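Look for chain A in each of the two complexes below; its partner is chain B in the first and chain C in the second.
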Partner chain A sequence: MDSSMLMAGIANVLSWSNLLLIIGGTLLGMFVGAMPGLSATMALALLLPVTFSMEPGAGLSMLASLYLGASYGGSISAILLNTPGTPSAAATVLDGYPLSQQGKAGKALGVSLFASFCGGLMSGIALLVAAPLLGIVVLKFGPIELFAVAVLGITIIGSLSQGSVVSGLLSGGIGLLVSTVGMDLITGTPRMTFGHMNLFSGISFTVALIGLFSIPQALLLIEKSGQGKKKVANKITDRLMPLWADIKTLMPNIGRSGLIGIITGLIPGTGGDTASWFAYNEAKRFAKDKSRFGKGDLAGLSAPESANNAVVGGALIPTIALGIPGSSSTAILLGALMVHGILPGPNLLTEHGEVTYTLIWAVIIANFALLGVGLMFTRMCVAVTKVPDGFVACAIIVLCIVGSFAINNSFFDVGLMFAFGLFGYWMLKAGMAPAPMVVGLILGPVMETSYQQSMLIGGGSFMVFAKSPIALCLLILALFSVLQATPLLGIMRQRFGKRSTHSG
Partner chain B sequence: MKTKLLSISVLMAVTAVPLAVHAEYSVTDEIRVLQGFQAGGGSDALAQLAHPYLREILGVNFINEYIPGATGAIAWTRLSHQSPKDGTVISITNTPMLMTNYIINDSISYNIDQLTPIANVVTDPGVVVVHPDSPYQTIEDLLAAAEETPGRITIGNSGIGGDDYFSTIMVENASGLSFEKVPFAGDGPSATAAMGGQIDASFNNVGIVYGHLQADSLRALAVLSAERLPMLPDVPTLREIGYDVVNGSSRGYSAPAGIPDQARDELIAAFEELATNEEFLQRAEERAFYIDIVTGDDYMEMMKNMEETFSNIWDELDEDA
Partner chain C sequence: MNMSRLSLGVFGVGLAVFFFVQNMGYPARAAQIPLMFATAVGLLSLAWIVQEVWSTSKLLRTRACPSSSDSDSISSAPRTYNQYIKAFSIYALALMYAYSIGLVGYFLASALFMGFALLIVREVGFRYALIGSIALLGTIGLVFFYFLGLNMPMLPTF
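Now for the complex of A and B:
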């Protein structure tokens, strides 16, 4: 690490114009993130052309702070509207919305903001310290290891199904099935596309997500708007500043989730969406009282929020160290680097070190901007809650249409979004959780592709997974994760326990 | 950077005035450019680089419209079937993807006869890369290993239908060897797998891996260009060792078939002028773009040749399967 570049980077960030850009980027990111359907990736793509004329350092600082802002912003609508603003806030809904229903919207948002801040700051520091070192680890994650990661991820489905495990597994199964739509990577054969070109690249899970989470919500609002006066978008009635006592008890959870976020971000192909589910699952696993999850547990709220902001720094590590984007959002940041004539790859840290360290410092500074801007701006979201249900429902639907259209500029996607919306509405009425379906949609392609690649690399032998220590560990972990949910483990423990008492 | 940008804008201001008088585009003052891939990708990078210069030459604004999906096929179907044939709409056409899309997939309904090829602009030559510590020091080593263990040497490519996939088959056909072809979701992941040592080699493109070659995180065994590349003077071509395989990924511009001759001629003239713009060429070199401007009928011939080569390869594969 060249210390002169390190210092030049911080000097660049602390100029007035750059600080303004960072604050502006954070604010914009929060606003975009708070709107259902507009993801951080999309916001980055929209802002990218604006930064073309800026200095590379300034443009990248703004993009990075926007990314960070959007990662928090997604939780605002998750908590107040029961609609994740960004895909990575989907897990935040589970405990965030119940909290706001209990009149603790302020507390929920405050904790979410603080968790985001901690996660983001952790990952920023990790980025600064470890970018040159951790780059090497990333290369160890090939198709074989990625398959193991996906398998471990799939085991989350069981723990996400609220209520009936069977309906949760069904939901996850549908997600996996839907994820097979599109061109098969290995053979190039279109599957379940019915000859329709728009389905060749598969179903964008963002489109499915917008439909599954937002449309049923809007329809529910319309259902209710005729009868009662109950607001679904909850008000912030309590204080936003989290209590010190809460923070103290949540700290280990936030730290663990931040770590999960950094690591998930580090692995190419997985982003905030995956990390937040991982963190939520782990928070639940570590919790003493699991029954409160899904009903407004602060741990269940802070875990995904800490994780999805920690992804920002984590995902930037392979981007900067190796030129491999760790998430779809950093893929756009990488595009931004290329637009400024900076070739991705290991020379980002040497030849273009000044710009790179400006970016790294910007990520760290943007977290403080986020905390400040968040405390001021979040209260303004109360305005959203004063709008009558019918209007909110219409606004959600309009944003869903805009959001699903904007991903690929495609009206087909809008239709697809509505189809998922109606299906989601049915699921809601049938008592089936949509979250496992989304996990299936996200991890399905990763698992399938990496499995096929592993088979090609290993000559068709399953031994290829046993030969990789990383993959083996992850797969064993997945096995335990499954066994833990079945009575089998309990029986084994009982038997073992009995035998040991007999012999002893 | 600021001073450089400033000098560029001054230069543009100076050159803009006389050019604007000579070559106004007669059709419109706004050209829509359909892009079949996401904003921020390789095609977009070309657009961002070329459009400012083309704007000065033609005196029109360029409006990018991103229609990603089905590896560009959605945008190209729209170009050939649903766009006005008057020269107001053009598209960035990526070859060989433009042709392999419909060669591989019967449900894709456009073909190059429904297009007016304007100009190819960049060609990113193919390159064979390995891990820096790979036992294969030369391309001959790699081929010898494939001869010893047929079908067990793993070669990464950017996906079925991409240029690297077909390059691998072309080498197989030329040498009579067989590899285990491992498709990835793009050039980047394929290069990463080679860097991580998960595959024996990756058939990739110079523009994608150039940074890694410079930083010694990948090593090039051979290039798939007709002659050695100025940026990789020590890397042999496949032709040098006796295999006539030349392939790469190219990007250019095409309009729908049947646009007025005048519009076509004016667009072609603009790209021919672009080919002589020193500043454009220099900016392209800075970004490791390998400029390869081929216009009009020659571009059509280039596409036709590719179409023939790749459909032959695919037909053979189909027969084998």
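Now for the complex of A and C:
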């Protein structure tokens, strides 16, 4: 670990301007998370253009704190409205809402905030320790290994994302295909541009992001709006600060859930929602009195909250060390780096170490900001949860237009954003996750460049991938990640099972 | 059968064929990766279509008689249809809004969009819409136009 970069990173984060951005980002994230129907990914995509004019470290600090803030914010509407603000807060509803019905909304929110803080802090420390260690290993990677890493990234995120494995891989494949539009990096041939100058530099990743994550969300909110259902939130009548006795009892559960969150975050394609359900089940399994779960048990509330915030740091480990985003939100953080000319890959921790360490420290500091901001402003979020869906949807569209225009000051990008938005809506209706497509858009150029370089090294032979043990292992893993999600593996297991019983 | 899935599968095949055919005309090294990706997308789209058709036929075979959920889905169909119309109306309005920015400037276009869109949505009162829109446009003006110096026409150019 380069200590000078480590120190430079912390010095960057602790500047007044960055601290203000972290607090602002956390507050914004909390508000967005508290609004049912809005996801952290969407908020990140909309905020991304705002960070263009900032220093890379400052912009990333703000985005990372928004991500953390939204992870906690999701629990506010889950506890008060019985509706998770973000998908990762779905498990929080089970024990959070019964607590608020018992007049303990403040206690529930306090415990949720403290669990989020602990989970987030644990993952921040894990990120600070693991990413540089993994980075040292990755430094030994050449283009052959990088190609294999990219293949593994896309197959894992495709096969583990929501829906069937075919849908995930297809989504990723479309992302890869779309990423080939524009000037070919090796030969300089303009591909699929049809003489249109705006397409020569390829399709802007940020434009696709805003369209894929924000427009479908707005259209879904419009669909939901005007159904005559008024949002009724429970009031916070008790104290928000959790009791020391409660914290002491919950600590082992919070620690275990945080660990679950970090490990889940490490696996590309699995996000806060998977981690929170996993942690909730484990908390129930370890509980002495399981019958209290679902009726307002603090362990059932703190487990998912600790896990979903721990995912943030966990998902950033492969993002920073390998350049493979672990989730759609970390894909946006990677996109923010790309906007500033920092390309994903092993050089993130060396050549651009100062910026990367700023991001890592920002994740840690943002947890303290979350604790402070959460204690001060959670009561205000009650008002935010009541904003009508229809108004939020229209506001999102207005922000999408100004955000997509800001990328290149071009109305062409606005049109492209709308096209991606419509496609994202279609994907949503078909049950196809947009996250693998976004990852495909990021990994496409990485995959193509490393493939071309590998072919040059191997003299045009595919055997070059078999000659590198690391690449071979990664490619086998990629193949296995696809096969494990197909019926093929089940059939093979059945056949082998039968054969062994016959022979036995 | 989920028509969204089926149509997306068909779209995937079409997209793959389109990319494949177009890339055939490029130099071999420039076309190599797009051809691989197009082949993969084409095959996966076909698999997606087969999966959808197969799962629907399996569902039809197992369903012996119409259940109560069928009648529920029939009664909720008009509401779903209306929701789609509302969503697509706002989408069409948003396209017009984006086009009109070049003509009447961002603030006037945004105000008109918010007004018409909230009228279609019919969820908020006049006062809420007015105060909310002013707050939203004020924040955007401050952040994007004042701090970030966005180069977008703010006011009418005629």
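Descriptive notes on the structure:
Note that in this section the second predicted complex is superposed on the first by the 281 of 504 C-alpha atoms of A that agree within 3 Å, B and C clash if a C-alpha of one lies under 4 Å from a C-alpha of the other, contacts with A are read in each partner's own complex, and residues count from 1 in each chain.
Following the convention adopted for this analysis, a contact is a pair of C-beta atoms (placed from the backbone, for glycine too) under 8 Å apart; a residue touches a chain by one contact, two chains touch by 3 or more.
From a predicted model like this one, the values you see are computed outputs, not experimental measurements.
In the superposed model, A:S164 makes contact with chain C only, not with chain B. When the shared chain is aligned, chain B comes close enough to touch A:N408, but chain C does not.
When the shared chain is aligned, no partner comes close enough to touch A:F480: not chain B, not chain C. By the document's definition of touching, of the two partners only chain B reaches A:F141; chain C does not. Using the contact criterion defined above for the overlaid structures, shared-chain residue A:A336 touches chain B, although it does not reach chain C.
Within the superposed three-chain model, A:G459 lies in touch with chain B and out of touch with chain C [touch as defined at top]. Of the two partner chains placed by superposition, A:F286 touches none, neither chain B nor chain C. Of the two partner chains placed around the shared chain by superposition, chain B and chain C are both touched by A:T187.
Residues 52-53, 186-187, 409 of chain A lie in contact with chain B in one complex and with chain C in the other. The residues of chain B lying in touch with chain A in their complex are 1-2, 5, 38-41, 44-45, 48, 65-71, 73-74, 77, 104-105, 107-108, 152, 154, 159-161, 180-185, 188-189, 192-193, 195-199, 210-212, 214-215, 217, 283, 286-288.
Residues of chain C touching chain A in their complex: 2, 4-5, 7-8, 11-12, 15-16, 19, 22-23, 26-27, 29-31, 33-34, 37-38, 40-41, 44-45, 47-48, 51, 83-84, 86-87, 90-91, 94-95, 97-98, 101-102, 106, 110, 113-114, 117-118, 121-124, 128-129, 132, 136-137, 140, 143-144, 147-152.
Residues 50, 52-53, 164, 166-167, 169-170, 173-174, 176-177, 180, 184, 186-187, 189, 191-192, 215, 218-220, 222-226, 388-391, 393-395, 397-399, 401-402, 405-406, 409, 411, 414-415, 418, 421-422, 425-427, 429-432, 444, 447-448, 451-452 of chain A touch chain C in their complex. Per the touch definition, chain A reaches chain B in the complex via residues 45, 48-49, 52-53, 55-56, 139-144, 183, 185-188, 190, 193, 195-198, 200-201, 268-269, 322-325, 331-332, 334-336, 338-339, 341, 343-347, 350, 408-410, 449, 453, 456-457, 459.
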